[in-house]
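The following pair of complexes shares a single chain, chain A, combined with chain B in the former and chain C in the latter.
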Partner chain A sequence: MKKIFALLLSMAMILAVLPLTSLAQEKYIIGVAFQNVTSDTEIQKDYYTNELAPALGMEFIFSEAIKDTETLVTFIENCYAKGAVGIINYYTAGRGRGAEAADQYEMFFITQASKLDDATLDLEYNLGNCGASVDGMARAYTAAMESVLADGENHSVLMCTTAAVGQVAASHYYSTQAMLETMQNKYNLTYSKSIDEIINTDSPGEVDTGNPNIKIFLVPGTDNDKTLATISTPLQSGDYDIFVAVSGYANYTSAIAEVERAKNMDIKVVATASIEKQTLTGFTTLDPLGNPILNAVILNPLNVANAFCAAAIYNALNGGAEALKDADGNAAQLFVNPWPCPDAETYANIAKLDTEHDTYVINADDLQRLMVTSNPDANHDSYAEYLMELADIDAIIARKIK
Partner chain B sequence: MTDVAIREPSSLRNKLLSVWENRWTTRLMPFVILLLIAFAFSLATGGRFLASRNLTIILNQALVVATVATGGTFIFATGNVNLAMGATTVLCETVSAMAFLAILDAGGSVELGLVVMFVISVILAVFIMGFSAILSTKLNVRVLYVTIVMMTLLAAIQQALLGGSTLTIPSKITRMLANNNVHYIIFGVFFAFAVVIFHFTKIGRTLRFIGTNEICAHQTGKFKKDYLLLAFVIGGLGMGLGAMVAIIRSGSVSITTLSSLNMDTMLAIVLGGMSVFGGSKSFVYAGVIGAVTVTALQNGMVMVGVDSNLIQGVRGLLFLLLVAAAQKRPHGLPAPEG
Partner chain C sequence: MNRRIKNTLITLAFPVLMFLIMEAVCLIAAGRHVIDFSTNLDLVNLVRNTGIACAITYALSFNLTSGRLDLSLGAQRLAGTVIGSNIALALGLSGVWLLLFSLTFGLVFGLVVGLVFVWARVPPMVLGIGMGLILESVVYVTSGGVGLNLFGVQGITILSEAYFTILVVAILLVVVLYLVAYTKFGYQMRAIQGSQRIAQNSGINIFRHAVLCYTFAGGLVGVAGILDAAYKTQMAVTSGNASSGPVVSNTFPMFLGIFLGRWSNQAVGILVATLTLRIFAMGLAKLQLSEAMSNVVNMFLYLAFLVYLANENYFKKRKAWADRLVEVQEKKSKLGIPVEA
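Here is the complex of A and B:
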């Protein structure tokens, strides 16, 4: 018994001694609630830790994958217990309840989403959203669809619409809408329901297109494993030769390759991606028929949104909270424009960005423009203007890549 | 080394085993672990861990698991493992939230909606658990297998009901319920009920007896099928009420809601000092102590800055160690406890 107690006490002492060194440092503690933990999460964590933290005097706490509102609220509470003063939230479905929880603990809260939660607009500590531009995403998906449909043949499309239902993620909704409209215009389809009804159907299923040669199958849902299980049957039918995801595609590559091999067909892939090794691999790896795995991507400038969110919280902590809100003093919506990327050559240039201090789209030097302490005019409008400038990927490459 | 050698009174292993299996060790160890965790994290955070606001946070975070686990101890006491606790709770949350929103949409009052939501959640959970127990006893299939099937079936039903959508209960309603401490009242009343039934009535004694030795229990007229049904019904009550506590706390339901609830509940029950084989060492407070311990551990790890990737790993490792420890059975006996 004594040995057991000795062991437990020694564990307790180790736990007690280890973190004492960090208590002496005074930094803003900010919680970052990630919806998924994937390879691009690690890239973002590096950016937060190595570029944003020293520039803004912040310490970031990263969550596990937030799968539900309960986990988000728990993470916010635990961050509060640690002394956090702000939360950057990626879990869009929980942005309303998350904003309330953060407000209750007097922590500034900002979400990476494209649609505000109306019920929490007037909360004092809710700074609003910084998310993908819905118009930009719609334009990018329209362009990507037009490029894969350009050969004049009949094509059938399997679409993973992720959080489009109910506009839980508004960018997913508008991307899906843009693709359905593109298909409609290209093939003169007559949907039996309105596009809004089609997108808001909870369960996966084939869309009635009015044209037996053109099939569209929609798969909603944020659970990647369940989506993978759901797409298997339509994919294996061999009827669909275009696969589109309004989020990442990596989970589905094996299933797609299997069908390509079994059916001896090329399935074109269009998806959202970020600047990471996997995207380059997607463009350069060939499928069983010798075509690239990835045909077009819509690049999500993750670190741009991260920089704006962190800077917004920094400003709020330095007396600039009101300047970031809209004219009515409510939480505001900022839009980050995606970068369309139709081929490997274009991606080769973009891939040089966001790898180190000099190539970060927003590095510590650029960050000065966003901080009220170095730029007293930083406000909602100047943020929006800066975000518009960052839509021009060619200009960014010219500026950052020597 | 033979069994005879293992049983030698002077062997170190046997001494440790006798300490480990001492009833006071079993009863006090969960409290000691909880106190040590509190002590360690309090030191590490300069006392902030034990601040009243943080303790309230821990209590609130533990409440859903504690409610479900309190019901779950009745099932575990019989020596059975239920893998459908999480799926049952989430399905009840889904159906009752849908009913509530439908009533509001139809112009019904909030009060009516809340009553219907509460009743549906409890009745559905009790029905699902009762049905599982009957399936197990009538078809003579082990509880574990029945609950695996039920877990899959219930998850599929929830998927069909929700698809990719998220149900949201208006926050002013969940806030009103929370401000009136409804979640504490639900848990408190159920916990008191469970303590009385489990420790002060024939039902509790019989459930522990069945977990100790099913054959002996049967031979003395304690028929497993009847008591298993009772254990599942009370367990179902906990799941239905747990669903209500979850709605008050988060106010939303999606296909990913409470996806780790079953694992968390089992971890809480085992960490709270109950053997996975149930029996005489079962205590109804095990789920509560375990839930608070797991929550405190997670809260403390975030407070001291443990990497998020490690937190889940630490929980898994803890569960593995505790299950391994609780798996130890006396040698050569015909049933879990002879």
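Here is the complex of A and C:
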């Protein structure tokens, strides 16, 4: 009888422990839909896998480059089939349809974009956006432009405004607007059209500045590869000594170097970049005239947005979905502030960030502040407040770099 | 006039005419020259773009002229360039070595696709889609999703230099010209282009020939890939057969090249056609058209050319038919058969 009792007791214990064991091992599966797959994508994947996954009990499925809405929806469907409960989306143009698809499968959905899709604001599973701050980008580009215009000389600017037309990428639109305003204020320019009309023209062309000594040429387009052919004509004229891209710059560098060599002129380059080896190379590699290839960058704190997106989904899965929505209960817009970096010396410090646990701007310890399980007050407003704190790059460096 | 001189003049007339037309259009519409000779920048661009497009067009011509549209050619370009160059970089090599490694790996991937084609006997377009997707995935996995990044790599500038591009294109021209015009492979190619069945019945091993075509094409797109990547400092991974875009866009110079080959030969025709269309593209860039408008103009010209090709004998045929009718009517009246009105 004792033996039978002992056996029954053992079985009961095993049956009781088994679900706990499986619970302990259960992980939230989250799909990450990348719009582009570049060298900085690997840095982000490392961060997702090595820092966020263990801290949030998540497992991430990464997409290849998603270039259309159909591919995004297919990726969401595949993630659902694999048991995913959330999607972090980078493909901004498909955020509306993506939110609908994710909602249909009852998967929480958040996009790294700067402009909400109005049609999907009230979807239960759509958490909204966490994207580059349009004001922050505008401020950063203003600061970068002021730094390259600071010598008091007349300068003419060639601007690649990729995806700014129609605010396909809202941050690109506002960055371009900020630069045009900076030029206007600096040189008292009188544009013949409104700045909105200038940015929304889909053909490349020179802006009528009302000052023959100051030229501005806008090159719109959908991606850098295609605009490369378009920039040749204005660049080769030798009229433009500042080149600005609201996205990456690497594939333009050969074309710029050829013009510098042929015209014996220095062309300053301002662009958006990430904390990665390529940015350091840009600051330290010299152009044909012995000047750095890169003169100023607007750094996109990629992993900050990643941490907030993952934490938002974590909270939603733990009953905190409503707390993350705005005052009207709709999907919210959170903004990540970029870090302006005017020179190589500044970048040398920033480059030490985001390399390992201790230097991640938001590491597993910092995540506690964002998780509803460790901080019941975590909500939309506390997220916004934390994001504002992270705008101060000097404070971050002081805190993270020993 | 000597026939050879006449043919040479007709062949050269195409790029010259295109230049004159675009020069006039650009001067009238935009007040600028299609090629600015005050610096060498436009010429360098023209040479580089022509060289890259010409290598892709040669690659296309190996299979497409025999009725095989290889949709994996873009993925072969991607795989040959990214995998070949990354291996070269890992070995501490740069410059011309990148070209040689891309060429070699392009040949290997072309050979693989060719062997699969012969083994599986799947229609070329279907096989191309499948192999394209596989190769894109291979590139993604082997490069860790990064592709090829040449930004800041020492020694790659030579690959973007105009003289180097001219040298590469000259070598390609000689090799393709020799292969197509003076070898058994070339004779077999023309026989297969005429009728695959008759060629096979007459003893030509059409499968071995197909494998060779795929292999040569793979090598050529490998060369095109590294020249392009060296200038843009990167080649990103793609998926969903998006890599086929740069290859498919070169079908226009290929068809135009074969057309021009009537007055020279296929290899020279393709080079001249590529140059002609690059001048056209440069003109469009000088006109500062939007991306969408440039595409519309390009595709309209392409379509117009294809319509012309499909109907170029229309008036000859109509005349022949009318002559034949007259002949029949005369014959009938001679024989006393009533002629219908």
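Operating definition for what follows: the second predicted complex is superposed on the first by the 377 of 402 C-alpha atoms of A that agree within 3 Å, B and C clash if a C-alpha of one lies under 4 Å from a C-alpha of the other, contacts with A are read in each partner's own complex, and residues count from 1 in each chain.
The rule we apply is simple: contacts are C-beta pairs under 8 Å (C-beta built on N, C-alpha and C of every residue); 3 or more make two chains touch, one makes a residue touch a chain.
Computed from a predicted structure; not experimentally measured.
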{"item": "Chain B versus chain C as contact partner of A:Ala119, first or second or both or neither", "value": "first"}
{"item": "First (chain B), second (chain C), both or neither touched by A:Asn295", "value": "neither"}
{"item": "Contacts of A:Lys226 with chain B and chain C, given as first, second, both or neither", "value": "both"}
{"item": "Which superposed partner A:Thr69 touches (first chain B, second chain C, both, neither)", "value": "first"}
{"item": "Touching partner for A:Thr142 - first (chain B), second (chain C), both, neither", "value": "neither"}
{"item": "Chain B versus chain C as contact partner of A:Arg97, first or second or both or neither", "value": "first"}
{"item": "Chain B versus chain C as contact partner of A:Ser175, first or second or both or neither", "value": "neither"}
{"item": "Contacts of A:Ala250 with chain B and chain C, given as first, second, both or neither", "value": "second"}
{"item": "Partner touching more residues of chain A, whether chain B or chain C", "value": "B"}
{"item": "Which superposed partner A:Gly166 touches (first chain B, second chain C, both, neither)", "value": "first"}
{"item": "On chain A, the residue positions that both chain B and chain C contact, one per complex", "value": "37, 64, 67, 202-204, 220-222, 226"}
{"item": "Contact set on chain A toward chain B in their complex", "value": "1, 3-5, 8-9, 11-13, 15-20, 22-23, 37, 61-64, 67-70, 73-75, 77-83, 93-94, 96-97, 100, 119-120, 161-166, 168, 201-204, 220-223, 226"}
{"item": "Of all residues in chain B, those that touch chain A in their complex", "value": "16, 19, 25, 32-33, 36-37, 39-41, 43-46, 48-49, 53-54, 57, 60-61, 64, 159-160, 162-166, 168, 170-171, 175, 246, 249-252, 254-259, 298-300, 302-305, 307-309, 311-312"}
{"item": "Residues on chain C engaged by chain A in the complex (per definition of touch)", "value": "32, 36, 39-42, 44-45, 140, 144-147, 149, 151-152, 157, 160, 230-234, 236-240, 242, 281, 285-286, 288-293"}
{"item": "Sites on chain A touched by chain C in the complex", "value": "36-39, 41-42, 45, 64-65, 67, 71, 202-205, 220-222, 225-226, 228-230, 232-233, 236, 238, 250-251, 253-255, 258-259, 262-263, 278, 281-282, 285"}
